[in-house]
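Shared chain: chain A. Partners: chain B in the first complex, chain C in the second.
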Partner chain A sequence: MLKIVNEHPQYIVAKVDIGEANLTHSDQFKTELVSLLNYKQRNVWLNMEQVTYVDSSFLGALVAGLKYALGAGDDLVLLGLQKDVHDLLKLIRLDKVFKIYADEQAATVALNQ
Partner chain B sequence: MATGLSKNILLVDDNPLFLKILCQAFTTAGFNCHAANSGVEALQSLKAFKPDVILSDYEMPGMNGLEFRLQVLQIDALKEIPFLFLTAHEDEGIMYTGLNLQAIDYVLKTTPFDVIVAKLTNLLHTVSKQRQITEQEIRKTVAALNIKPVPAVLPQIDGFEIDFWHHSYQNIPGGDFIDFINTGNYLFVVIGDLMGKKWKAWFYTFTYLSYIRAAIRFSVITAHSSLANTLQQINAVVCQDEGLANILSSLSLVRIEKATGKIIYSGAGDLPLLNYRADTQELKQIKSTGMLLGVLPDGFYTEQEIAMAPSDQLYIFTDGLIDISSGGKQKTDYRFFANQMSGYLQAGQLFNDIKNNLQQKAAGFTDDSSIICIKKINTHA
Partner chain C sequence: MNTRQSFEFDNQASSISSFSHQMLECLVGQLVNHHHDGQLLSKARYIIGELLNNAVKHSGCTKTIFTFTIENDSLTIAKSDYGTKLELMNKAGYLKSDVPTLVTADGLQELYVIKESEQLLSFFCRDPQNEEITIQHLHEHMGLLIIAKAADRFTYGFNAPVNTFTATLNLN
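Our next item is the complex of A and B:
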């Protein structure tokens, strides 16, 4: 479900390779994300461009991942959100807890400033 | 045959021809068939596809069937899926080892394809039946305990009509909850949505509801707490409760002062409310600032007064109502729902009509769905 596409000394870029992210994926996604954070011990940038829909279970898993990352002194960054998914995050104010960028380049520019 | 039986199968075999024919046989019998040429490929496929049953060859180069089975057992979300081995010949040693890995059965490759398909179909029927029996038992227990996440009676308050509609996803109690808390001077309207679905979410709603009820009662007894403070207190307790780690919830809190009809609203990660103005026939969004409960120790909660004239209506609802299925694809669309509501209201529909409309669509909903209507019926002195 999570595919590492780029590794940097400070962060890992992992692609979420599902379209509709729902209850059937949320537990496994959380397990993979926590394993990735544990194993790589650095920030994880999630490329979400393939995800067209997230349900509340999956959002819960994303927030759980963020809390886990922050607790370990790392961060979870979201990249390439589709409009519907981004709109949902804004509607319920989760855009205030996640760092969200269009792509890896935009995140690199913003986070290096 | 029972209707609605889910028939998703994962077939794993390194022989492409055998795999193709087997897949054709299952597809003809109405199965949704995913095929993988190896254990590694099957594990990759399982990341995006959760089958109802797995049928795997035992003898494969690289990762053999037993090793594949061991990998599947390591994954919580997959380990309960019924698993059967395909073998080229009867070998008691292999069977014994496999059965210790909780494989349900063996199917010899020499078995005619229609018999293999019939065997798997029967197995899925048995699993489905057993699941239904278990669910019925849980439902009976829940009914006996008489605990419900939504109230049995509607609140009565001068100057207002309050009603709600609630639908459980697949008729299994889930994460939505509603409560009306009547204190001396106030009526509190509570609606929340625990992130998650079905029984697990349902179970936690009661912990949340207990905290919410306690915080509201304390706020009334101490007579100094603002609604935003009440929300902050609920959030602080939720964030500190290790039993609720990573269990998040939205919450809309509305407080109506009985003597004056004054309405105060505070929200936590909830969807914007919809406020219908009868004079202009406009439907306006009312947004809160607060974060979902359980995300951050400081949830940035604020409160606001909502002014309502007679015949104005206030709608508070959960996210199940803004999920729509279009062309087989899921979509979240708040604006679509708001426009739909606007159309209903401008056409003069009452909440009872809206409830009927929702009920007709409910079978297609993919999450718990709840909506409360607060209608102002006359002015206060």
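Our next item is the complex of A and C:
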């Protein structure tokens, strides 16, 4: 479900390889995300451009991943959110706690400033 | 033109995606002659997804009936079952009528319930006045919150033995 597409000394870019991120995926996603954070011990940038829909269980897994990352001194960044997904994060104000960028390049520019 | 359509869901997680698409396709057809903004279908999708999750995770039964009703410039999405009563309803006797009571808060959101009658609770959200966000305190369960924020009105009714969640979206 999570595929590493780019590795840098400071961060890993991992693609979320599903279209609809719902209850049937959230437990596995959370397990894979925490494993990735544990194994790589650096920031994880999630490329979510393929994800057309997320539900509360998947958002809960993202929040759990963010807590885990910050607790370990790392961060979890979201890239390439489709409009409906981004709108849902804004609706419940999760855009205030996640760093969200259009793509890896935009994140690189913003986070290196 | 007023319309109503019902669907029976088997409360299986594996059915969520196909069932959600089936309902949304039907909804698009029903709304074709009604004026609405572009956000309506997105909000309906959020609500349907969370009501399906609720059916799978919390209903404690094997069948849920979903009903769309379009009338008087509003869309109503109702989920009814004979399953487990919402725990909050057990505390309804302690709630003051028509007074908002805080259900959950995590720095980002505050979810309130109002007892409209002995059988009916309504939910709504407020942004916290003093916004102090501690990431480690954020809630990871936000289904009711999403519905309360997406809908113009969101209620839970218990008329033994039937549980009914109802989300209403204004078409105009």
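The rule is short, and it goes like this: the second predicted complex is superposed on the first by the 113 of 113 C-alpha atoms of A that agree within 3 Å, B and C clash if a C-alpha of one lies under 4 Å from a C-alpha of the other, contacts with A are read in each partner's own complex, and residues count from 1 in each chain.
By our rule, a contact is a pair of C-beta atoms (placed from the backbone, for glycine too) under 8 Å apart; a residue touches a chain by one contact, two chains touch by 3 or more.
Note that the structure is predicted; figures quoted are calculated from it, not measured.
After superposition onto chain A, the modelled positions of chain B and chain C overlap sterically. By the touch criterion defined above, A:41 reaches neither chain B nor chain C. By the touch criterion defined above, A:92 lies against chain B and chain C together after alignment on the C-alpha atoms of chain A.
Of the two partner chains placed by the overlay, neither chain B nor chain C lies in contact with A:6. Of the two partner chains, chain C is the only one that A:71 touches; chain B does not reach it.
Of the two partner chains, chain B is the only one touched by A:31; chain C is not.
In the overlay built on the shared chain, the residue A:105 is in contact with neither chain B nor chain C. Set against each other, chain B and chain C touch different numbers of residues in chain A, with B touching more. Once the two complexes are laid over each other on the shared chain, residue contacts for A:22 go to chain B and to chain C alike. Once both structures are placed on chain A, chain A residues 20, 22-24, 53, 55-57, 59-60, 63-64, 67, 84, 87-88, 91-94, 96-97 are touched by chain B and, in the other complex, by chain C.
Residues of chain A that touch chain C in their complex: 20, 22-24, 53, 55-57, 59-61, 63-64, 66-67, 70-71, 84, 87-88, 91-94, 96-97. Those residues of chain A lying in contact with chain B across their complex are 1, 17-18, 20, 22-28, 31, 52-57, 59-60, 63-64, 67, 84-85, 87-88, 91-94, 96-97.
Contacts from chain B toward chain A in the complex involve residues 47-48, 50, 75-78, 175, 193, 195-198, 246-248, 250, 269-272, 289-292, 295-296, 300, 319, 323, 329-334, 366-367.
For chain C in complex with chain A, the residues that touch the partner chain are 13-14, 16-17, 39, 42, 45-46, 49-50, 53, 56-57, 108-109, 127, 133, 135-136, 138-143, 145-146, 149-150.
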